[in-house]
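What follows is chain A paired twice: with chain B in the first complex and chain C in the second.
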Partner chain A sequence: MSLSEEQREQISGLGLPQSIQEALLDGLENEQFTKAQFDEVIGQVKSDYDHAGVEPCEAVGVIAAQSIGEPGTQMTMRTFHYAGVAEINVTLGLPRLIEIVDARKIPSTPTMTIRLEPDYARDRDLAREVAWAIESTSILHLGSIATDLAEMNVLIELNHEALAQRKITDEEVAETLRSETGLAVEMRDGMLVMAPEEPSYRELLQLVEKIKRLSLKGIDGIKRVVIRKEGDEYVLYTEGSALKEVLEFEGVDPARTKTNNINEIGEVLGIEAARNAIINEATDTLREQGLSVDVRHIMLVADIMTCDGEVKQIGRHGVSGEKASVLARAAFEVTVNHILDAAVRGDIDDLRGVTENVIVGQPIQLGTGDVQLVAKRRDEVIQ
Partner chain B sequence: MKKFAVQDHDLVPPHILLSPEEAEQVLQQYGVEARQLPKIHVSDPVAKEIGAKVGDVIKVLRISPTARQAVFYRLVID
Partner chain C sequence: MKAEKYTRYERARIVGARALQIFMGAPVYIKTESIDPLEVALEEMRLGVIPITVKRDRRTSR
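Presenting the complex of A and B:
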């Protein structure tokens, strides 16, 4: 017997989450049952679901803090790992977790995972071309640089194989050097020759340093790109992050390309994407260390961090610093400043939160403590 | 150069702009005022893409690892 339309409606009317509804429908499909059995099953599921829910006034934030904090004590304090075979250095373990909840503007090791469009993802040569187009190319990738002290010249010898590989011509190199330094570039016997404005030894060395730092092609800030085969597609990993620019590159699949810089995701893809990124990054960091934390705790943290429309940190300059209560803020960090400022402004503490009530020694307004009971006196009841 | 819609990205859940009537209905249902809703900046890339203005309410159809789909609302602020 399959489910009748009426029974399906009954299930969808229970107010269960979609995942449970689907599991229930899957389980009931093609099973034999009477109407009474059906009612018993959905009644049991509904009551179990309600039973599993969090009680009103439960301090879910504290539970989330404990649930993430305890496994955190088992994490490696200092890990500098190499992500697989591609020698890209990424921060993992506790430092990374701290970085995520601190909402740092730039993580200590920014890196992007660039996925490619189908044609490019299966062809190693095409994937390499994309990689070279993205990677910031400096003069040292293309040849060697030397100084001629007798002539007070900088000599740049270009390697034509490298030029061809990276699809850049010596004219283009000369043009970039000319516009970036504002100096004349001469071509002499296949070498680029440049002279500093004043023929001094110091100027000469400074010019060499400047030329070495110039980005001739690719995205400035992407120091390295490595190609790795995952399944049947080639994936690029970068050292350095510039999501906005990379999404516009030919051959890059913009829908599946991401960075580990959560603030950058917030700016390029919006606050909801930043929330998803926090959840993914935190879960991955914990899982990599062999720890499993229920995703609900991490979701709560991500929700709090993103509820104001921007990514704010869990800490003095974010969530904790925005608490309404003076005492709660003072109990967290920089105690004297908070109390002094509150005194100057004449702030009032309503004593609604947990911390401030613990400080003054009152019952906290949580769980059963949040229920206000007004009892009728016995004699009144009898009358 | 190709054009890429922010909402096509894997990390971005579908955002739906609600009409003032629909927004009012949501507020009634939850018994809250608009300013009590979570916020989204009008400069947010997705808000810009769907043409939201300050004061609008955006419905977000999140893909949840626990509930499969979760509905979330955000108020557009400056």
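Presenting the complex of A and C:
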């Protein structure tokens, strides 16, 4: 039995969020049930939903702060997790959580998880090709570099196996060196020879350093790529992050590729993606430490951080520092400066928020303090 | 008697305000043995006879 039009209307009339309505419809579709059973199911869903909701006037912000803060005290101060086989380390634990709420422009250990299109994901060789195309290749990956002090030359010996593996030719290497340094590059018995502008020892060493730093192929920010098999697909983990560039690569599945740099997600995919990234990163960090915090607390934090359309930190340069009320800002940090500046500007405090009213000693707009009593009309009074 | 849907904060405020009225000598709407104004107010709340309600402006009531 499928759902009748009337039953569908009954479900949409419950005032449930879209996702729950859809789940309910999915679950009920093609199931056998009587009228009474249907009523029981939707009745139970509705009452569970209402039960999970929070009452008006509840101090959700304080509860969220406590609910994230308390497990935070149990987190390890300094932990590093080695993702995959080895080597790529990712900041986790308390430092990572702080990094998330501080909305740092670049996290201390940027990493990406790159998932591939089905054809590439199953084939080890194709996956490796993508990895090499993405990984930033320096001259040291391709051969060795030496100086000839007698001739004042830089000699670059290229390993042709490495060149073939990374699909780059020695002409291409020479061309990149030429355009990046602006110097002539000669080919002499399988070696690239370069000379600095001035034949001095210092210039020579500087040139070597410059050549070592050059990115010949791949994406500049991505220092290393590790391939790991997960289930039946190969997944790439990177050290360094460049979401925008990586998403354009052939074989990369843009829908399942992510980075731990929240600001980057905000710039590339938009503010709602950044909000989800904050929620996911914070939950994962807490879960990795064996702590479970209700998502709704983290969602509240993520919402506050992103509600202006850009990722704001919780703190001086973000949420706390941008409060409209002078007294609320003064309560947070550098009290005297805030009050002095406000006095100079002649600011007005409307005493709308909680902190301001606590300071001046008025009831706050929370809990019983936000209830306005009125006498019942005579016809409403039960005799 | 119909039970209006109040949040716990609204119930607390209403009972508190009513208990204060009773304490200050307001006529009681129910028959009771109790002499504690708060207990009387709670009993009145349970029966829904308190002539006080709340004004909700900014929020939509649930």
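Just so it is clear, the second predicted complex is superposed on the first by the 323 of 383 C-alpha atoms of A that agree within 3 Å, B and C clash if a C-alpha of one lies under 4 Å from a C-alpha of the other, contacts with A are read in each partner's own complex, and residues count from 1 in each chain.
The rule is short, and it goes like this: contacts are C-beta pairs under 8 Å (C-beta built on N, C-alpha and C of every residue); 3 or more make two chains touch, one makes a residue touch a chain.
Computed from a prediction, not measured in an experiment: that's the story for all the values here.
Applying the stated contact rule after C-alpha superposition, one finds that A:E55 touches chain C and leaves chain B untouched.
For chain A, the partner that touches more of its residues is B, with chain B and chain C as the two candidates.
Legend: residue contacts after superposition of the two complexes on their common chain; A:G367 is shown touching chain C, with no touch to chain B.
Within the superposed three-chain model, A:R256 lies in touch with chain B and out of touch with chain C [touch as defined at top].
By the touch criterion stated above, A:A375 is placed in contact with chain C alone, chain B being left untouched. Common to the chain B and chain C interfaces on chain A is no residue. Residues of chain B that touch chain A in their complex: 1-2, 4, 6, 8-13, 15, 38-41, 44-47, 60, 62, 64-70, 74, 77.
On the side of chain C, the complex with chain A involves touching residues 1-2, 7-10, 12-14, 16-17, 47-57, 59, 61-62.
Only residues 17-20, 22, 247-248, 250, 254-256, 258, 265, 267-273, 276-277, 279-280, 295-296, 299, 303, 306-310 of chain A touch chain B when the two sit together in their complex.
Looking at the complex, you find that chain A touches chain C at residues 50, 53, 55-57, 367-368, 370-376, 380-382.
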